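Before anything else, here's the structure in question.
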Amino acid sequence: MRSKPSAQSSGEHAPWWLKLGAVGALLFLHIPLALIFLYAFTTDESGYTFPPPGLTLKWIPRALANPDMQAALLLTVKVAAVATVAALILGTLAAAAVYRYDFFGKETVSFMLILPLALPGIVTGIAIRSAISLLDIPFSFWTIVIGHATFCVVVVYNNVLARFRRSSGSMVEASMDLGANSFQTFRYVIFPNIGTALLAGGILAFSLSFDEVIVTTFTAGLQQTLPIWIFSQMLKPRNRPITNVTAMLVVVITAIPILIAQRISARGSDSEGATK
Amino acid sequence: MFQRISTYLYLRPRLSLALLLLPPLVWFLVVYIGSLLSMLVNSFFYLDGFTGQVVRQFTLDTYAKLFIPTNVQILSRTLFMALAVTLGCIVLAFPLSYYMARIASPRMKTFLYLAVTLPLWSSYVVRVYSWKLILAQEGIISWFARLLHLDGVLNWYLSSPLLGGPSLGISLTGVFLVFVYIWLPYMILPIQTALERVPKSLIEASSDLGASPAQTFRNVILPLAFPGVVAGSIFTFSLTLGDFIVPSLFGNSSFFIGKAVLTYQGTSGNIPLAAAFTMGPIVIMIVYLLIARRLGAFDAL
Amino acid sequence: MSDQAAVEFQNVSRVFSMQHGSEAGAVKAVDNISLQIRDGEFFSLLGPSGSGKTTCLRMIAGFDRPTSGRILLGGKDVSDLPPYERDVNTVFQDYALFPHLTVGDNIAYGLMIKKTPKAERRKRVDEMLELVQLAGFADRKPAQLSGGQRQRVALARALINHPKVLLLDEPLGALDLKLRQQMQVELKAIQQRVGITFIFVTHDQEEALTMSDRIAVFSQGKIEQVGAPAEIYEHPATAFVAGFVGVSNLVSGEVAKRITGSEAMFSVRPEKIHLGATGGEDMFTANGKVRDVIYLGLYTRYLVELDGGGDLVVVEQNLKTTSMDVVKIKGQPVILSWKKEHIRKVGG
């Protein structure tokens, strides 16, 4: 705690150039996202004219009705859902094993789980692509899911392991001591306590998968997930207004769950803090 | 029934551990490590230029191809870009990180933290897309330049052979800007963490001893923030090395590693060369991580 | 069957293999212990941390299993039974209350698992809350309780199942002194009311002496001595017990020879020593100087430096003296005396 000096009392004042730099960086981070929202309503169909010549709502229903977009969205949601379920199962199992038991190579397991997220996406992508080529596996829904689940596991793992470490270690023992077997203990004690961690981890995994484009490029073949569809629209713009609206849609779809997940994690640590 | 299974497993902790660990372990060993190995294997195969088929025979020829001038140029260009992006991120991140760590009130800090992480979590493709809008010829930057009567300067800049191009949207400058924008949060957060750990007393001690604010900054704050800078640079560096989206969308005809890998595995079906190329970033990152660990960057993560 | 031991250890050992990086080794946490705990007893396992007492408790509960030897509960070998099939309940050091359940649901947990009907559950929870003096707290969450209250909930949760044996793992460790002393009395009263065997792990010798019917003193995985509190206090079997239970003055060598005529090490309790000479055949005397005086209200503690080296702690009740009187003694030379029968020759 001592290393987190409270700011108001620190008496450190900010020189003007520091404030300017900070505000500048914030604007730099947020103006582009704001423009996404602006352009979703532009009347300009053939370019990115600024300021927009006019504003309209007409592209929103048209984008939502666009069959290509719909197909891509559906595929993306399906992939993300299945990958999230796989990540939840694998991540929770790994977290439970690492938390509950001491075994040789424990650190290696954590390291291996983080690797797909730590290495550049292209490495994971080309690696899986190599395996697909080597084994002559046809591209399919499942090749996408396998790639996504692999880098989503670590998100669930981290969330669940952190929750395990924060909750009282003797809780499981207490439950068994009171007559509950392992399955009852999981149902009545472990699950209620890691529930929010699973939810937060699951949401993060879902958005990670929903957004992914680099690994997907190598595992999708000719299938198009929503990010890949947007990418292809950027390479060869055919339908700018619809792409504009879709971009906004994606921001909204991913930002809201992330905000919820962050609130869940924050609340989890708050209530834990209160019991200490 | 459940009771009996539970008891059976409880009395055999090794078996329980195996049951828990086996699914994730098998998944990672088969899918991930297996894939990495198959990539390694593939990089020792070669593409028969005549039939267009991958020949599954051991050869070092594919690796040798990395050292022909075009490919060396691709590697060095990517490396140079990664370096430039990292420096750009450091410069841009530092004031905000410093403000977050040492000046902002707790509430302000929570707000800023959210403001930095939100872009990090929002869609990567969409964030790239937003720069398509910004850098377009008819986009906001050109408009702004006209407003300030600087369009002449902009055109002069674009006419420079190395950094320019037909528009900002198709130039190395564009690639650089988009990279900096995309990876900036990865730099802000570790620097902020490192700066937060600098005890206030240290700064007071420095000014007590007669150092001017500039001297304090240079001699006290900067060295202490350094591990954070190195930690952040791991992300900016690694992510830039492996990205192909941004160069594809904003780059001119000059290739980067990611784009080269994509092209080789895709249109030409030359997976061996793509795999060999990917070893480039892997080796660079391993060396980088070893250096970073020396510099104490992992404490700041 | 009444002479049947509630808990019996037969040559129990527990070895932990350690894996720390490249170093591998084995630690004998419990080293060939045999012990019988009688039905209805308040039995304490006393020892410093790392002496094996908590490992013994965990082996009774079933969280840990002996590497060799057997543990019997009511005459039955439980070595292959998991915790949930043992008629034993535990009060944990950190209470281990379930944070997502109310106090009432925490206490009812064991009954819920046993599928006891709801109405009966509620009735018994109320009885338990009454017993631990928390009536009306059923709907609160553990986070809303104080440390002492959580401790009572943990106790109620364990007792509601009417176990044969209740295990308590340093349950008072986190409480402040006053609450602690109050809980000591209360625990003892509850134990007498419910008539369940209590096995109490503690490192606090005073706590063990206050509450227990019998005490086992642990050191380095072995039992040094088993006995009633008075027996352990008055007749420590080893130097370790003499030193660990109560304050003990150990004297040996040249100084010992000057007092008793023998160089052998002996111990004498502080409260047995008088300030001032008391003549008599059955008395030992020693000369020294008062180095420090601590006035503690009920009694005063003196630290006396013996001529020839070594310190003795002396405790005297403040029957007639006041704080003003005792402080004057500081720095003065004194003669100490105590009955010959009050010294214990101790080995090692």
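In this document, chain identifiers A, B and C correspond to the written order of the chains, with residue numbering beginning at 1 in each.
In this section, contacts are C-beta pairs under 8 Å (C-beta built on N, C-alpha and C of every residue); 3 or more make two chains touch, one makes a residue touch a chain.
Fair warning: this is a prediction, and the values are worked out from it, not measured in the lab.
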item	value
Per Cα centroids, the chain farthest from chain C	B
Chain closest to the middle, measuring from C-alpha centroids that were averaged per chain	A
Mean-CA-position distance for chain B and chain A (Å)	17
Whole-Å separation of chain centres (CA-atom averages), chain A against chain C	52
Gap in Å, rounded to a whole number, between the CA centres of chain C and chain B	59
Chain A residues counted as touching two or more neighbouring chains	181, 184
Touching two or more other chains - residue numbers and ranges from chain B	6-7, 10
Shared interface positions of chain C, touching two or more other chains	82, 84
Residues of chain A that touch chain C when the two form their complex	102, 104, 167-168, 170-171, 173-181, 184, 188-189, 192-193, 271-272, 274-275
Chain B - residues contacting chain C, complex	6-7, 10-11
For the chain B and chain A complex, residues of the former touching the latter	2-3, 5-7, 9-10, 13, 16-17, 20-21, 23-25, 27-28, 31-36, 38-39, 41-42, 54, 92-96, 98-100, 102-106, 108-109, 112, 114-119, 121-134, 136, 138-140, 142-143, 181, 184-185, 188, 196-197, 199-200, 203, 213, 238-239, 241-245, 248-249, 257-258, 261-262, 265, 271, 274-275, 278, 281-282, 285
Residues of chain A that touch chain B when the two form their complex	2-8, 10, 12-15, 17-22, 24-26, 28-30, 32-33, 35-36, 39, 47-51, 89-91, 93-94, 96-97, 100-101, 103, 109, 112-113, 115-116, 118-124, 126-131, 133-135, 146, 149-150, 153, 181-184, 207, 210-214, 217-218, 227, 230-231, 234-235, 243, 247, 250-251, 254-255, 258-259, 262
Chain C to chain B touching residues, read off their complex	65, 80-82, 84-85
